[in-house]
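There are two complexes below, and they share subunit A, which is joined by subunit B in the first and by subunit C in the second.
Coming up: the complex of A and B.
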């Protein structure tokens, strides 16, 4: 089939060739980029025959030669405020079309020894420590290679040992007036022993065609606690591929994500727990509207004993949309006393919607607690009836139930403005999805 | 008693390749190693098949040559050399053991536990000269079988080898063969289309409830069809049939590669219950030898209110690659899959089911129990797919894994793909081990460790075991315990 052909990626090579002189980094990095690009070209974009990409939609990447953005347009602060979290008094880093914007950012509120750096600056400065900074992804897949070859912007945050950062750090990515542009972002977040940090990312944008290709590498030393919160609501012309690597010792990594943006989205969390007592928590919400393909993949690698992981995924699908969740738990031979739980629920609101779920367990140790559950269905007619009997209109009843379905996952977010923003995202999505659903057909069953 | 009937079945199969058997042309009935068009022509000619059948085989062979062996299952084995394999009635080694004293005592112990009489043990183990005894036994049974056959004929049930059916009921075979598992379906199924040796054909006419449980035992002229078996069962409107396949006694076979195809068709209001006990030779403790079992089993619920139910107890084979599936086309049709898969030592099983919901109000239920021990790997792989037009679909899936020991693996790979909002799909999976408390409780009451494991495992698998017909149930319980011997302590 057409989808599986990898020949149609010459645009990426051209983009690399033209951008190369402008890519930051010294000789060794240039060499690394070159090797990665060669690997990418021979791997090609993953097709549907590749198991982990069977539900993804990368059509747009084959059709459009997205050019890395070298100069971002002017953006006004109002657009940033709209994309950012209301009422959150926090340091803020802003990227417009993938380019870091110092004037729009708000860095002065940060503690002195916690200065996030722009990846570009770090790479430009050179020096031996950068080698350790950039994760070795030589054996990775096509997107690892592409990102390594093209990465030019991102955030580097290093939290020193013992530092407990109370206010979250906010990162806003805005896409505006982008003409087939691409952002290859690499974020590096490292927490020393006993350090703690919360990072909130908000993606937003207009309907221009854009490709966001992000890798976030996080490393947590023993006793560290990192919370990563993502709101992905880019415009309908965007293809969004983001991957988070978490490598942790006896630490706590928590991620919550809400995604309703882009025509085609791929979210990944790949976590390695390397010391006994580590914990990974994941909560993912996908809200799909007509024309969208939203795809999530998680991979929990339990290599050592006595670690825990919990995953909760919920999807709501309206219109002719697709949402997929592939979640894998690997318990290696020595990882006794692992406790891994996974739950995936999908709610279909439309006849044309399609939900796919693949919760996978691969287990090589016997004294473990591993379980997964998955459900797919529509709203319970009895529940809708119950609310209607109390005077709610059909669409109000539906909205309330859907909101409850999604809200349950937001409850664990400790920071109030962030939690409210997640809930508001869900509510906004519902309002527009409801409007779209009520438009063609009146009434309800 | 049941062991006896099952055993006779094997006796019948084994006897076919011995010169004292009741087929006289046996000696010349094997093709040389390797696969080419001539071998296929040879097989077809031996079966006295009509031209259309030969053409069908050749077409499949042409497809197969362009296909690649699938590699997505969680199994690993050295590459199979298809040109170093017998594709038709491979000759049995003539210099078998002289007496039971020479037979692997492990095997004999297993026979004993299953309650197989000495004379039949000899035949099963391939002791020289035992065939004659066995043939007598078979001759005895032939009259029994004939009686059964008469009764079936009275009911209008067609039950014969598929080769016979091609000659006697070509219209039925032509209409349904390959209609559930298309020729191009997958590498192993396509191979089967080209080279299948024989198998079973069953047709239950409209409104008939098959008067007895059918199993290959009742089919006369059963030959050695274990390797590339082809089964076709058609239940016409309003009919019912229960079919038993396999045997609890361990089966040895010189042929390492097995690739069977089973097709079931249920028309309006019809029901097919298909039960399997698979205990092919799993190889020794170190994983040497053992059967590679690549099976394609699929049932089509074509008619309204039809039902297909698969029950399987898989304890044998070095590799099991098998996904008995249901295509639920007819409105209100029902698909069920009950499975117990046990792997021990170096065995690898990748098995599960597919439930494809096409018709409205279709329902499916999947209960899978995987038990891994030793250094084995046991994978459940399943798909539940709901098509856009399938309103009000219900599915419930439960797959539980039990790990015995810390050197084995238990994996669960379920796919859920839903295109209709009225569907209600539920999936649950758990992984656990036998707790020390459970062991202590059993052993405090006088059971030894192995008995305790057998008891807990049988409890774990109870939901599936109760679906087995009476004929199989008792032995299958014993079999679970035997398969896990050596996995504790």
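Coming up: the complex of A and C.
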């Protein structure tokens, strides 16, 4: 069995071997990459038997030997604009098939002392704090190892102490004409004391068979405020695995994400709150269509007293699709006065859809407030009838109700063009999901 | 006067249980009809069936509206053709504002009728005017549909929707229940503005007091799934006095 499993992923070893000469970084990093790859091969891809991976669908990763794209990043600016957020006047970093494109980006609008660096450049130099961050994942799981072994592109943003960045930084990842390609991305975002920043990521792409493997490491010093907004709408051939790490002091970390992309998506948010008074907020919207598996896992690690975390998850499932949410909250013995809340609601538009929500609360402190709730339901027939009786067609009634369900989450996003983009994402998704639902089924007249 | 709605031998089952058992009712343009009857008789079932509720199964009979088969139309198509149901229990819809809802509804109807959509400004003007007539503030309209509304406010909201959508036939299911005396007067005024030579109103009510304000041409008693008696306005007074036992 072990043999089978490693042979399943032998494509990754080959990809590593051929890519290695082109990977940035020498010395310690080369060595680390080698160890990471060896570990990945012996760990293998996580299987369904692992509780934290039981809902994910990694089939495609075993079948296709995804090869990091070496071809120069080229794309139509129109495709970038379409993927990006309409009306957002912000500096923009563009990655095509996982490769950074300077000409397609617009960096000139950035304040000089904020200038994001390319991960490739930072790794080439190899020194300083990047080493500690990379080392942090030394003992991580298979995807940490794989990412460490193969990472070559990404952004490094360091916001100096006290700097409040008003305009968001936008990152666009486009997949185009890249069958069997892979992107192993690593982003590093660090906020100094009292600094604040908003980063908006948009993922989009055509139907290339592709593997996106992204890790974002964020650290927030006391008083820092980071908002990470994420739109994941990659094409139907993509497997998307991404995780966001947050390590924060007495700071605020906020994440909102909307995902409708990829045939299979796994996103993780893992947050460590290490100083009293820290706060983590997560709002996740998953929109799943026939054939898709959207899997979300969060892990809030409360190690010190008086920190808060709030998580709100909403999924809408059309057709024969799956969406899963596993939300783990760990309250360690010293973390008195923790306030940790979690709510997960799923809406099934089709009987064949499958929603799974699994809250996991592990609490070792006695004076804490922890709450969780989960619901799975269908559209309310009375509500649909009420809307139809007023003139809305069934698909319009569904659209209005689903939009309302989703809008309750992304309605809180402060930046207007970003908020509008989230809502437009939901509407667009629904239009196509509706079209699929209204299409005559076999056997119908 | 031409026949607007013609119900013949209507049988309706809910989850396999027959609720309407051969109901006949004819309404002509320009008329106001009132239906009264004991709890559980099937009044709301009739109203919902006419509005197009899909899980109510018509097992026998026919309904002609403007001379055409009403039963083959979906609920939203009936609405676009001018059928309006004022719900006995208006539904709450969190996350959808009244204004958004009403504008979507109006434009969905206009779209079906091949009319151009009303733009934001024109719609707001209309909504403001109609809400004002029914003593409802624009702030209420900005709130989510019926969420947190009192019983009376919900009924008033139904009337705002009715006057904005301007139907041909309004079926008002206990719109008077839960209204205070002043609100009853306001709502009755709203209903009366709906009267017209080419329109009709079907009032479902338990109380004579609404009929004091909105004079019906015909009053019917619905009991056990049928119209068991019909008469003029005086029938309502008789019912108020003697109860259903005597007439049914």
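Convention: the second predicted complex is superposed on the first by the 426 of 445 C-alpha atoms of A that agree within 3 Å, B and C clash if a C-alpha of one lies under 4 Å from a C-alpha of the other, contacts with A are read in each partner's own complex, and residues count from 1 in each chain.
The rule is short, and it goes like this: a contact is a pair of C-beta atoms (placed from the backbone, for glycine too) under 8 Å apart; a residue touches a chain by one contact, two chains touch by 3 or more.
Fair warning: this is a prediction, and the values are worked out from it, not measured in the lab.
After superposition onto subunit A, the modelled positions of subunit B and subunit C are compatible, with room for both. Here the vertex is the CA centre of subunit A, and the angle it makes with the centres of subunit B and subunit C is 80 degrees, a multiple of 10. Of the two partner chains, subunit B is the only one that A:376 touches; subunit C does not reach it. Once the two complexes are laid over each other on the shared chain, residue contacts for A:408 go to subunit C alone; subunit B is not touched. Of the two partner chains, neither subunit B nor subunit C is touched by A:28. Partner contacting the larger number of subunit A residues, of subunit B and subunit C: B.
With both structures placed on the common chain, the touch criterion links A:396 to subunit C but leaves subunit B unconnected. When the two structures are aligned on the shared chain, A:362 is found in touch with subunit B, with no touch to subunit C. In the superposition on chain A, contact of A:354 is made with subunit B only, not with subunit C. No C-alpha atom of subunit B lies closer than 13 Å to any C-alpha atom of subunit C in the overlay.
On subunit A, the surface touched by subunit B in one complex and the surface touched by subunit C in the other have no residue in common.
Across the interface of their complex, subunit B is touched by residues 51, 333, 336, 346, 348-378 of subunit A.
Against subunit A, the residues of subunit B that register as touching in their complex are 72, 74, 386, 388, 401, 403-433.
Within the complex formed with subunit A, the residues of subunit C that make contact are 48, 51-55, 74-76, 78-80, 84-85, 87, 90-91, 93-96, 100-102, 104-106, 108-109, 112, 161, 165.
Residues 380-383, 385-394, 396-397, 400-401, 403-405, 407-408 of subunit A are the ones touching subunit C in the complex.
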